[in-house]
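Below you'll find the structures, each written out as structure tokens.
Each of the next two complexes has chain A plus one more chain, namely chain B in the first and chain C in the second.
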Partner chain A sequence: MKHFDLIVIGTGLAGLTAARTAAEAGARVLIAGRGMGALTLFGNTIDLLGEIPPETDIEEGILRWIGAHPEHPYARTGMEGIETALSEFQRLFPPPYSFAAEGRRNALFPTGAGTMRPSYLIPVTMAAGAAMTPGETLIVGFRGFKDFQGDTVSLHLKCRGMNIALPRYGLEGMTALALARLMDEASFRERLGETIRRQMGGERFIGLPAVLGLRNPAAVLKTLENTTGARVFEIPMLPPSIPGTRVFHRFREELIAKNVTVLMGHPVTGATVRDQRCEGIAVQNPPLTAEYRADQYILATGRFLGGGLSAGMDRIVEPLFQIPVFQPGQREAWFGKRFFDPEAHPIHHAGIATDADLRPVDGTGNVVLENVRAAGSILAHHQAIEEKSREGIDIATGFLAATRALAS
Partner chain B sequence: MTKAKEKSSPFPKLPDVCVRCATCMAACPVSRVTPRFPGPKQAGPGAQRFRSASEVSVDDWIELCTGCHLCDTVCPAGVPISEMNMMAKAKYLDERGRTFRDWLLVRSDLFGELAARFSKIVNPLMKSRLLRRLLDALLKIDLRRDLPGYEYPTFRRWFGARPAAAGKTGRRKIAYFYGCFTNTNETDVGKAAVEVLEAHGLEVVVPSQRCCGIPRLGVGDLRGAREMGRRNIGLLLPTVREGIDIVFSSTSCGLMLRHEYSRILNLPGAEELAGSLFDICEFLLRLRETDGTSPALRPLALRAAYFAPCHLRSLNIGFPALELLRMIPGLDVRMLEADCCGLGGLYGFKKEKFPIAEEIGKDLAEAAARMKPDVILTDCEGCRMQVRHLTGLRTLHPLQILRDALKPS
Partner chain C sequence: MDLRTEVLIIGGGATGAGIARDLALRGIPSLLVEKGDFTSGASGRNQGLLHSGARYAVNDPDAARECIAENRILRQIAPHCIEPTDGLFVSLPEDGSEYRANFIRACGNAGIDALPLSAREALSLEPRLNPRLIGAVRVPDGAIDPFMLVVENVRDAESRGARFLIHTEVTGLIREGPRIAGAHVRDRITGQSYAVAANWVVNATGAWANLILAMAGLQIGLALSKGSMLLTNTRLSERVLNRCRPPSSGDIIVPNDTVSILGTTSVREEDLERYEVTAEEVTFLVDELSKMVPDVKGERFNRAYAGVRPLLRSAETSDDRDISRGFSLIDHEQETGLAGLVTITGGKLMTYRLMAEKTVDFLCSRMGLHVPCITHRQPLPGAGLGNTLKDRLLHLRRQTPASRGEILCDCELVPREAVDAILREGKVRELQDILHRTRLAKGTCQGGFCVYRLLGLLNELHGEREKGGSNVILRGFLEERWKGIRPILWGTALKEEELIESIYKGLFNLAPGGPEQTERVNE
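Showing the complex of A and B:
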């Protein structure tokens, strides 16, 4: 059986980043996940720390944050680690479909709920959203496409909006993927651009659901901007996220090109541990269970949805290695009073506490597994949703975990 | 064969495991091209919550699922989506009854030998416009789909008539499950498999075998599929019990034998069989890793695209053929970035489904046009048929290229 240098468990952004980092360094890598990870659920934009107000320089904001949150994953990676990891991520997306920040600060982008949301790195297809002004923007949805209502979104954004008929028959009930795929067809998007142009009343910006192509979104953007004469931007909406799907596909393509063994669709159900070292993992595809071995392992299985953490009636556990999970006491202490409490529910702090090397530690700070590192949202002491740091944590800790794993 | 211990097939996980995250909607090749199929989320766990064994099926779009399993490979919650679709399809078709076309097509293994024997007559006949029009009008087998030609002698006959190669007996034995299509329609794949295995120092044996039954599963004929499975397990277990591993060169046959016999059909002996079954490229890679068997590969100056079949993805063994191909010096081999060829086995031959198969295939055809390879390599016969049809390019099993590289120059 092939012996790997590194096995990454989890196919989300953290796991993909870790696998790519190690493969780029020439390591023999296997990545295993029971599904596609969370890139289709989140992954529209690369949030770094939405908490930082747009007027504050991002570095200043992060350094202050680390000072105030010494246990936060960003305290492990440091600002330098974040910057290196983010620029590596950007390198994976060369122009024309590239990711960039609006200066070195957060900017506000419209969402499919009609709100403005802060984020940091943005794909080129969303960039114009930061510049839009309500009086000069037209929001366009498509009739028969249920996931995005142009009129509702525009109501909240206080601009003009509508749902137009798509320039082809028989598309009612089309999914986001189906629409994105159609956009890759030049004649379709040209006719769509024409249809939109006829509805315009002098607007300088056009917002559309984030379905502007799977394979060549930058070309879709260009066609629509050329035909309408306006700046066009995508608006993130309900899952599955098309921008997240693009990110996933780009990573997968790169990993396969770098000869990484990619296993998807079946869970890692067991791990052999001896003397605080992981010796192998088991992937179950009934009726068979296959074992894979490596020198180093990275655990990037996410939180509850991804299966990285599992909550029983009164304890939260990490089901694969039984790593001690940092958690806020008993069940009654897990949740705040209101569902939409602006403060994160205490359970959101739960996760795996680590040393500076991202190796899991127990309550007294002792490393429990020598050759296993944790990365991504499974880490403790962050509130990725509320502080809007999900992708940043994934990328920065995925990068750090892989770098440290290969160095040891 | 004993009939004892055959379990019924309750769902190991209920549809409620699905949290409706819609990740499967990003993977389904069918709902990507037509709004007629609501997609895995809705067709699988969504509709499953309303299905009842005592009520008549109403979801007539369930037939549009190709059974590619891609939804299963992306689901973060472990919902057996394609299995739910399969069971719903089986119930639907049990109630409606299957067409004569479906009855006929899933039994191609029965007339394959005969067709091969008379291939000189059968092949031109299958190309005749008149017959194709009749098949199109009466049986709804689409006129635009090329029917695969038959070859004689069959692989099995060729193998049986081979003079026992000197020096090849007494080696470690390996059994080969070739599958119907290799036997009667693409015999060179089987020949390549034998030559490649022998070049790795093995003695090839070919145990008796039947159609794996996956075509029957495709039309929800669980009884028929179970029957084929039961026979194959009976035929193959003696080989396994002699300590001989079995390799397959068709990833769809392989998925059926290794996983569906137990996962869906609950056949006794399936687990024992699965433990000794390997994808042929997976096996060759293991051989190189564990025994250090690495016969020299001579350079091949070719630009090749490798396409990963859906059922290979479902086997979840990575891309062993691609790994092997990359060892050939001079061979420029790259992954063809497309998710599904669209054929879905017999699915793409059916007149009412042909346009869906074509539309899915368009993405693959465009990816191939961007790469402009000399040859496209893929492990599944269905994919090869569809790739040839879509691109007109030379399309082979990776083993056929590997054999060339193993030949002494």
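Showing the complex of A and C:
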């Protein structure tokens, strides 16, 4: 049986980052997971900490945040850890499809609900969204594409809006993925650009749903900008996320190029633990279940949606290793009385508490597994949804977990 | 714009709608006002059970006979609102066989068909029953769609001249000497107030009866009892399943189209605007009903909800003005000398038609009219139209993808056209009205996805370019949805809630207080 230096459990952004970090360092790595993670649902831009107002320098804001939240995952990685991890991420996306920040600050970008949303690293296909001005922007939707309500976006952003009919395509197939694949066809995007150009009224910006191609989004952007003469930007919308899917594909391509053993769509169903060390994991590949072993393991299985945490009627558990989970009280206390409570719902505090090395600890601070580290949203004491830190936590802790795992 | 009518009905539940229809069929003009949408009260917040009466057979034979009679009538006049599932009364070892024997005898006495089944026969009919059961009894229970029942009554009455005003609340009663001569009402959406003059006012507000009566300085003895229910994500049984033991909490599972409803609890309630389902009630229902159907433990729930039953205090039910046990028609003139006002309350969904009949009989006698009631034999307008899940699926299959059009709600396959048609009718006034009239947001995601897709249509409903517009409505919807979702958040439902929160709070950045930031700062 092949023995690995590191096994990463979970194929979301945290797991992908950890596997890539270790592979870059020359380690023999296996990554296994059952899905594609929150990345392909919501991963449009790279949030670091949306809580920090756009006028504040990001480093200053993070340092202040860490000071006020000593248990937050960012307190484990530190600002330096975040910076290194983010620049490694950016290195994976060289131009033309690159990610960049608007200075060292958060910037606001339009969303599919017509709201503005803060984020940090932005793919080149969304960058113009930060510069758009209402009077000079046209919002373009597709008739029958229900996951992007262009009228709502234009109404709220006080822009002009229009819905384009795509005669060749029935409503049944009008999904984000189908549209993105169409955009990858040069003839389709040229005709689309031409259609938009004919209906423009002097606008300088054009906002479209975030479906501008899977394989070559920069080329789609270029075609549309050249034909219309305007700056074009993508607007994040209901899941699935095409921009997130691009990131996923890029990572997978890189991992395979770096000889990582990639088991996508294979749930990890069991772990063997002896003397506080993981000795192997069972990966389901129906009808077989295979066992894999490594010196070190990283658990990056996400929260409830990803299956990293599981809530019964009485308590919250970590189903794979039965690692102690920080409990946010009894079930009736998990959620606030209102959906939009001013405070995040207490359940978001739940998760795995760790030492400085990201090794899981129990309620008294003792390490429970010597060679397992936790990374990503499964960690306790963050409110990724409210504070808008999901991708930042994934990247920074995935990077840190891999670095520490290899160092031990 | 003051209005005038013969009978002003307050309350758009089953009773009020039934009275409007009965009046219309007897040629008497009426106008109904409802402060929310139809069935906003207990008529829309119950188990959707077509009682056979068997549940009451042992303890309350009169109610049992009343139920089975109405059961037979409703099957005739409203077949499209009913799924004739039958019901089982299931005996577990702890229920004993003594109650079962009494039960079968009592059903016989009340004229309810009750067929004893062995444990094995019951299990072959309902394989998810607890295999420890000692036997079951089959009775003619069924499932009923209360909203459709009410809307059908409204539709029929409207076609015969009755008028209906939803989102219109009574703010005061008009008094002329010793008579109540109408009411002051207010449109809750436009804020407009006006008067409705009437020769008779019928208070059919159920649990809210005393709120109306207080406007005339009156009060009746009503106890308010909250009953909480859980809606499953799948249908657990083909038939209504009851525990064969004295009536108690957590003893029934009613199939409802593609899902099941678990019920109920009974908790005294004071505040009609603020009642909620507690975690304790949810845990109780799951624990208790898993004894009858063990799969309840692992089931994913879509929603929890509660209704408030108006129960007549026993001192009142012995009163000779009672038409029947369970409900009460009160002529306030006899009691206090104040003429022109009657209250009909108590009772249950099953007896709505009978309650309407007795109310209208009374009004006719006071008007000196001799027109017989025909609601027991006159079918509702949609009777004869198929409305089962099978009918809906067949309808979908007959359509080509192009003619089917855009599907707004993927959980329940609601086409955009269905919503457009409702909007064209021009009677709905807010998002919840649309949700009431379709299966939108009734499925697994409870509107998490399709409500976003409705936003474009909502902009139309609320007038274009209204400030804040659709996101205010969206936030309101998510808060309303939350009331039903919060009690059932564990397991798979909790997983999905992470998805919904990630969309609306994360991706769309909808803020707690709103209004949303739609413009950049520091540009």
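Criterion: the second predicted complex is superposed on the first by the 398 of 408 C-alpha atoms of A that agree within 3 Å, B and C clash if a C-alpha of one lies under 4 Å from a C-alpha of the other, contacts with A are read in each partner's own complex, and residues count from 1 in each chain.
Methods note: a residue touches a chain if its C-beta (ideal position, glycine included) is under 8 Å from a C-beta of that chain, and two chains touch if they have at least 3 such contacts.
Not measured: the values here are computed from a predicted model.
If you put the two complexes together on chain A, you find that chain B and chain C both fit without a clash.
By the touch criterion stated above, A:175 is placed in contact with chain B alone, chain C being left untouched. Touch criterion met: A:313 reaches chain C, while chain B stays clear of it.
By the document's definition of touching, both partners, chain B and chain C, reach A:238. One of chain B and chain C touches more residues of chain A, and that partner is C.
Applying the stated contact rule after C-alpha superposition, one finds that A:305 touches each of chain B and chain C.
Taking the Cα centre of chain A as vertex, the centres of chain B and chain C in the superposed model span 90°, given to the nearest 10.
Within the superposed three-chain model, A:38 lies in touch with chain B and with chain C [touch as defined at top].
By the touch criterion stated above, A:104 is placed in contact with neither chain B nor chain C.
Of the two partner chains, neither chain B nor chain C is touched by A:91.
Of the two partner chains placed by the overlay, neither chain B nor chain C lies in contact with A:64. Measuring only between alpha carbons, the smallest separation of chain B from chain C in this overlay is 5 Å.
Across the superposed pair, chain B and chain C both touch chain A at residues 38, 41, 170-172, 238-239, 305.
Those residues of chain B that touch chain A in the complex are listed here as 19, 21-23, 25-28, 31-35, 38-39, 69, 72-78, 258-259, 262-263, 270-271, 274-275, 285-286, 289-290, 313-319, 322-323, 326, 334-335, 337, 363.
On the chain C side of its complex with chain A, the touching residues are 278-280, 283, 286, 401-402, 405-406, 408, 416, 449, 452-453, 455-456, 459, 464-465, 469-471, 474-475, 478-479, 481-482, 486, 489-491, 494-496, 498-499, 501-514, 516-523. Chain A makes touch with chain C in their complex at residues 38, 41-42, 44, 50, 54-55, 108, 111-118, 130, 133-134, 144, 146-147, 149, 151-152, 155-158, 170-172, 236, 238-239, 303-305, 310-313, 330-332, 334-335, 337-342, 345, 347, 384-386, 388, 390.
In the complex of the two chains, the chain A residues touching chain B come out as 1-3, 30, 34-38, 40-41, 170-178, 181, 238-240, 245, 249, 253, 256-257, 259, 261-267, 283, 285-288, 290, 305-307.
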